[in-house]
Structure formats: structure tokens, C-alpha cells
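Here subunit A shows up in two complexes: once beside subunit B, once beside subunit C.
And then the complex of A and B:
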């Protein structure tokens, strides 16, 4: 029976693609992804409404409305990717499903890759939801294309950075609660500089703080293009931090994933 | 012939705590080996080391002839039902098996065929499209066994497969274990602390205690080695009690006979010194000659449970 069924795939797909496909099914068909996307769309609707009414009252310029909405979408979309990633390994461990996965011939690197793909899908969905709002707020000023491209570039870099960070935390956390708490705490720490008074963001120390933090640097870059009308290359140095963070943390996630995914505590008798 | 599993001086340590200590044993191909031991004896650790989930601290082992240094190759050849395995509640049984088949390299189409065949084998065909969340514990264990068979393994490790199951569920799982060896010719390592299971399905037994090997052999060898029978319990019909007592009282090797507690017609026969499995033969022969029908008979101290208790308490 098994021998007859044992027709291996001629084009044997990479393990990460199989894991990713299943994770996407669980996330989206299981309903969790749809629920998060719904919550995200409600939030973006509220933000778009507020910015649109402020724009009508001349408190905000149209460009600023687009920029503000896009920045909220990038931040919240990345947060969703972080939350999904923070559940990736610790969630399997907590649900006692990790051991069965580790017993398959799929490498731990492939497991990490598949889970990262699923987490990033939340960012992608969030961004797709944002596009109509950006189009509505930016209509008539020829800004939509710039906003979409800026959003894709900055948002994807930040989502890769935060999702990788979430996976690393998840690999070492023994419970989902710890993983999610640590992830949210770090996210708040990364967000904190965006709330500094503008006086604290001036001078070389202020600029250094903004440039080093991938989130503030990315949002600053988007703001320069969308609000100030700068060219893509004019402030490209502000993208160094998001690029480095995405590259370094995805590499760390790959290394840690390949070497450190273990059953964790409770793996003994 | 290469043993299906061979361990030599296997050790596992967590900090200063020794979970496995110099475990040496081998299992022949097609054998069903029972791994017995009280809680914390090291059964699960042994299985996790042998299935490459945990690295060994000392020693070496091979599974299906593959040395422990080739962990990925071993994982292709083994099927494992982990202790208290979890299942994704929102997947159906069929989706779950298809996913694991694909992880083992099956194409989409052949994974579907395999999943259907395995679900039929474990009696879950009718529930194949139901969410696992709706499965009973017994159904989940059978699904777990089906998953362990996805790669047509040479060696199957089952860690406490009947834990928490009702008697009907236990019977179904044990019947499956027997089918795995009979139909697939796979070697099975069955970890349990339920002695009845081992007596029913295992050809050989390994008793672990505090990470050490306390005994190894067939069920009858271990029973004999650990506890020589000192008494026997038999039951005759109520009207034959006095005749049976008189007949047995005069037989060689029997010290005295006393009424047993509980059932009517129950008798306890005290043997004259440490006995052997044949100690009661003369007495039984005498009862047969005296036309006293024996309704039930069991040597006390010759069961695996007695051996298990003796060995784990000794150590």
C-alpha cells in the first residue's frame, strides 16, 4: 500500500515552500489572519476618516494625510507580522506539535523560512487593504504611485526585520505568553523615539537616534518623499538602517532557526 | 542480520541530572520491544535520543543500520508517536496526513492517496474530513499512529500510545500495533508503564529504572528471573472446595492450602519454599485425578507486574 503510494514528487519542492503553504492555510483559512485583517481595516478606516476630515478642515495637507495613513499602515502591518512570527515556534512548542515537525526530514531552516513567509503574508494583506485608502486620500495630487512604492519598500523592510525578530524570540521562548510579551515590549521600545518631542529629534544626537532606529528612519524617508516631494535618491541614506536591520535579523533568524530550534523545557523524562 | 536498533553505552544528562545511564541493548528486525519503567525512568528520553530529537551525551546508537551521526537519514527511516503529541485543531485528519506526507517528499497527488489509505488502516476513513478538534483522544492517537506510518518506516517508536484511553481505545491501539508488525514487518518500540499492554503485544521487554537498564528479556524470562512463585491462587466450584483442599494438602511441594478472600471457591496454595513455574504441576495433576474441575489458576509472583515491581523497587 505504502509502496504504491510512495511516488515521490518529481520536482521535489523545497521544504520551506511546503511548510509555508500549510502555515498560510492555517493562518488564512483557519480564520486568524482574516480576523487580524478585519481589525486592521477598521483601524485604517478610522485613521483615513480622521485624516480626511482634518484635511477638509485644513488642519492637514493632503500630502500629510496620505503620509500619516501610510505610516500607520506600515507600523500596524509590521506589528501583525511580528505577532504572527512570535507565535511561530513557541506556539508549536506550547501546542505540543513541534516534536512531530522536528521528526520530519525537513530542515529546521526550512521550517523557519516557511513560518516567516506566513508571517509576512499578514503585512502583504495589510498593505493591500491600505491601497484604496491611500488612493482616496491622495486622489488629484498624483501621489498614489509614490505612496504605494514607498509603502512597499519601507513596509517590507520593516516587516522582514520585525518578523525575523519575532521568530528569533519565539525560538528561545518557552511559552507563547513570554514570546508575545517580549516581542511587544521590544516593539514599544522601537516605537518610543517616534513619540519624542520634535526638539529632542534635532541636533546630531537626535538625528542619530532617528537614523539608527529602523522604524523612525523608514518613516522619515517615506515622509521626505510624500510630504516634502523629495526624489527617491535624495534621502536614500535614511534607508540604511531598515535595510541593515532586515538583512541582519533575517540572517540571525536563519542561523538561529537552523541551529537552535529545540523542544525546550519539558522535553525530558 | 543488522539489528533494527542498537544502543551502546547511551547516556543523556541534563546538567547534573542523569536521565539515561549507559543504556546498551539491541532490537532485532520485526520485533516488538516493550520499554517499561515507572514515571521518570528515562523511557521518553531514550526514545527522543534514538529518534535524534535530543542529542546523546554519551555512547552511540544506530537505527535501521544508520549510525547516530546521520540524524537526517535516521529520521527518514523512523516513525514516531511522541508522548502527549499535539494536533492542529483546525485541520482535518486528511489534511494533517497530507501535510506530513508532503514533508516526507510525496507529491500532492500521492500524498492524497497515502492519506486516504492510512486513514482507512487506522479506522478513521469516515472522519477524514472532520476537524481534528472534534476527534476523541483515541481517534487522535490513531491519527498519530497513521502519521508515524507516513514514511513507511522500518522502525516505529510509540511513546505511551494508550495513555488516557478507555479500555476500548486501548484495545484498538494495541490491535494497530500488532498490525504494524504483521503487515508491514516494521520493528516497534513500545514505551509504556502499563504491564498488560506489554504482555499482550511485546515479544521482548526492557525495564528501565532511574535511567538504567534494570532487566532485558522475554516476558516469561523476566517474570521468572525477578520473582519465583511462592504461592498460587486457584478457584474450584463451591461444592469441591473441601475435596480440593484435601487433595492439594497431600501433594508434593505444597506447604498448606487456605481459603482465598473474595470469590466463592477461591483457594490460596502456599508452596513449600521458593517454587518454579512447574511447582504446582503435581498438585494440578492430583486434582485432575480426583475429578476436581479447576475453574481458574495463577501462580502468584510469576507475573510481569511482580517482576516489574521487584526490579524497580530493588534499584
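And then the complex of A and C:
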């Protein structure tokens, strides 16, 4: 029984690894990933240049400039993962390549896992691109290591959450356009609390909203460590919603991916 | 001193009191004072500093509810100062102060502009708004320029990374076409 389970596990690992490798090849050697990475690097360059030169923006402290750059990188890196994931199934369906993909001898769970890995590679690339900027802005104040570790933890949780959400939407969407539109709409809804005036973020309702929203909670945690110099454990409760969101949505993506990927539109055929 | 309740931190009441006007029910003119613990502060751009004011009731009766408000302005013409940037918590509702009692308020301020800046705290009653507010002594603030960022050295980085990625993307595109 154990041997059989091990064989099954190996087969599953091989399956998602094969799908993941193929997806990574398509994404990066096909040029789409590099173009997105290029656009991302231009954005981070502009932000880093502004924070480094324009004191009128009130980014007066190195800590604040590192925090701002890292938060933009986390948000945009997660967005890239979401966009790639939102194209995962509905895009294949629209390009009429889903049928051949479903005929390959890998389970649908493996397909979902491989596509999730490919989507997350965009976040990983975005983060690697961000490191030199963070190093430049944070050098001399012993903040680079903290920024990198915080960025990896918070960014990966948010990227897993958003990429899983994107895959679920993509499985059920009737078309790629619908999938991308719904994903972007949800992303904007998740970002909306960051635009609230500071007075609206106070009080129990405001704090609850910030804590429940994985994006605001994650960025709050990063800010507390980088700007306020808090310890890792001091505000750890703010990581609850990013952890829960990443775990729950990746589980949902696995279940939905294993059971609901269909050739026809709307996961009904 | 047992009646003295601190907001953030407690400080001994300074010796010099600025007594200007009355505030609230029960207190008459010259019975409320606003004392500032510092008259001059020197700091640098971007730094945060703290000063304290003590609102004291010298009357024999309890005051009405009081509000303390921090104001920030530039002493140099042409320099726009947005007080919201300097302190996010500029209005404090300090409630009533019993006869002979005092309240100490801690103000945390972020230096946003360089130059000569004035800070003052006004205390006014929540009721009886026809009376003028009581203000404390002006805190003179001198904010010096400070460069924390090496902006010159960032240009190679912000141009280099996108260029490198562009070159890789272009090279890949070219290789694909040749194939």
C-alpha cells in the first residue's frame, strides 16, 4: 500500500513537473514572460528613481523608500502571477489547445499544479529583479536582508493566493476575456482598501478590513518590519489572512482543477 | 500631581506658564494655561521628534471638555506647509480637567520641510466657542537639509536592468526567428 502510494506520489510529481516544465518553456522561451519582466523592471526603475531622488514625495527615509519599492514589487509581481494564471485554462480553451492537453497522460490535478508553478515563476522573476533595487536603496542601514526575507514570505503568500484565484476563475470562465476581466476586477477590489483615507482605516472596523484582506495585511506586516523596525514576531498576527488565503485558495484550485476542467466552455461540457 | 493624567507620557509641569484665556464651563479667564516643554528644536529633514504640552486648570472648579490642536506653519514666506503631513494626530480631545489638575499631551511630529517652522498648540472648549482659544508658547523649529539617498548612483541601475532584460528578450526573439 505504501509502495503504491509512493508510486502514485512519484507519478504525480512527474506529471506536474512535466506540465510545469512545458509551461515554463512556453512562458519564458516564448518571450511573454520576458516582456512582462521587462515591463515590471521599467516600473520598478521609475519607482526606485523617484524615491531616491524626489524628496518632495515625502519619502524621506531610506526605510520608507525600501518599503515602498518592495510593496510595489510585491503587488505587481502578484499581479503578474494572477494574469498568467487567469490565462491558464481559458486561454488553452480559446486557442483550441485544451483538447490535446487533456489527452496527455497526466491527471488534471497535475495540469493545474504545473500551470500554477508556471504562473508563480513570474512572481519569482519579479522578485529577483527587485533585489538589486532593494539592495541599492537599503544599503548602509542593515535593511537588505530583512527586506528580502519579508518580500519572499509576504510576496510568495500573496502570489500563491492570487495565482490560485486566477486558475479557479480561468477554469470556470467562458472566455479568456471574461477570465482576465474578472481577475482584474477582483484584484482591484482587493487593492481598494489601500486607497482608503487613513482615518477610515482606524477603529475596529477599519483594522478588521485591513486584517481580513490578505494584500493589506501582508503589506502592513512588511511595513511594520521595514519602516518601524518591529521584530518578526511582533505583528505576526497580520500574516494570518495571507497564510489562510494562500492555503485555502490553493486547495480550492487543486480540487476545482482535478474535478472541473472540461473541454467545453464554462466547465459544463 | 495625582490628578495629572498623561497622554503618551507624563512630564513635570514647566515653571513658566502662558496664561491666556479661559476655556469651558466652570473656568474663568486666565485660569487655563498651556505650557510647552521646549521653546526651540533643531532637527533634520525626515526626522521625527516629540514635544509635550501640559494643559493646567488653575481654577477652583472643573473645566468643561477641552480640545487641544497642534498647528504648524512656515516662518518663511512662499513655503507651503501641510500640517497633516507633519503629524497624523493633531487634534486631541482631552476631556475635563479638575480644579488644580493638568493633562500632559505628547505630540509626535515628522519634519517634512526644511527651514524655520513654528509650532503651537491651541486649546479650546468643546462648548462655549465664542471664547478665544488658549494658546501655548510657540515652539521654534529649525529643520536642516539632509541627504540620505545617493540619487546619483541609482541611474546605472535603473537604466541597466531594463536594458539587460530588453537585450535578453530581443536576443531570444532573434534566435527564434532564425530557427
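Methods note: the second predicted complex is superposed on the first by the 245 of 269 C-alpha atoms of A that agree within 3 Å, B and C clash if a C-alpha of one lies under 4 Å from a C-alpha of the other, contacts with A are read in each partner's own complex, and residues count from 1 in each chain.
One rule holds in what follows: a contact is a pair of C-beta atoms (placed from the backbone, for glycine too) under 8 Å apart; a residue touches a chain by one contact, two chains touch by 3 or more.
Source: prediction; values computed, not measured.
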**OP:** Based on the superposed arrangement, let me know which partner A:233 touches: subunit B (first), subunit C (second), both, or neither?
**Re:** neither
Original post:
In the superposed arrangement, does A:22 touch subunit B (first), subunit C (second), both or neither?
Top reply: first
**OP:** For A:263, decide between first (touching subunit B), second (touching subunit C), both and neither.
**Re:** first
**OP:** Classify the contacts of A:195 with the two partner chains as first (subunit B alone), second (subunit C alone), both, or neither.
**Re:** neither
Original post:
Counting only touches as set out at the top, which of subunit B and subunit C does A:52 meet: first, second, both, neither?
Top reply: second
**OP:** Look at A:129 in the shared chain and tell me whether it touches subunit B only, subunit C only, both, or neither; answer first, second, both or neither.
**Re:** second
**OP:** Figure out whether A:96 sits in contact with subunit B (first) or subunit C (second), or with both, or with neither.
**Re:** first
Original post:
Touch check for A:38: first (subunit B), second (subunit C), both, or neither?
Top reply: second
**OP:** Check whether A:104 is in contact with subunit B, with subunit C, with both or with neither, and answer first, second, both or neither.
**Re:** first
Original post:
Is it subunit B or subunit C that touches the larger share of residues in subunit A?
Top reply: B
Subject >> Contacts on subunit A seen with subunit B and repeated with subunit C across the two complexes >> reply: 29, 31
**OP:** Within their complex, state which residues of subunit B touch subunit A.
**Re:** 14, 19, 39-45, 48, 51, 53-54, 72, 75-76, 78, 80, 82-88, 90-91, 95, 99-100, 102-110, 113-114, 117, 121, 144, 147, 149, 152, 184
**OP:** Note which residues of subunit A are touching subunit C in the complex, please.
**Re:** 29, 31, 34-35, 37-38, 41-42, 44-46, 48-49, 51-53, 55, 58, 60-62, 65, 129, 132-133, 136-137, 198
Subject >> subunit B-facing residues of subunit A, complex >> reply: 1-10, 12-13, 15, 18-19, 22, 25-26, 29-31, 95-97, 99-107, 263, 267-269
Original post:
Can you list the residues on subunit C that touch subunit A in the complex?
Top reply: 45-46, 85, 88, 112, 148-151, 153-155, 157-159, 161-162, 165-166, 168-169, 172-173, 176
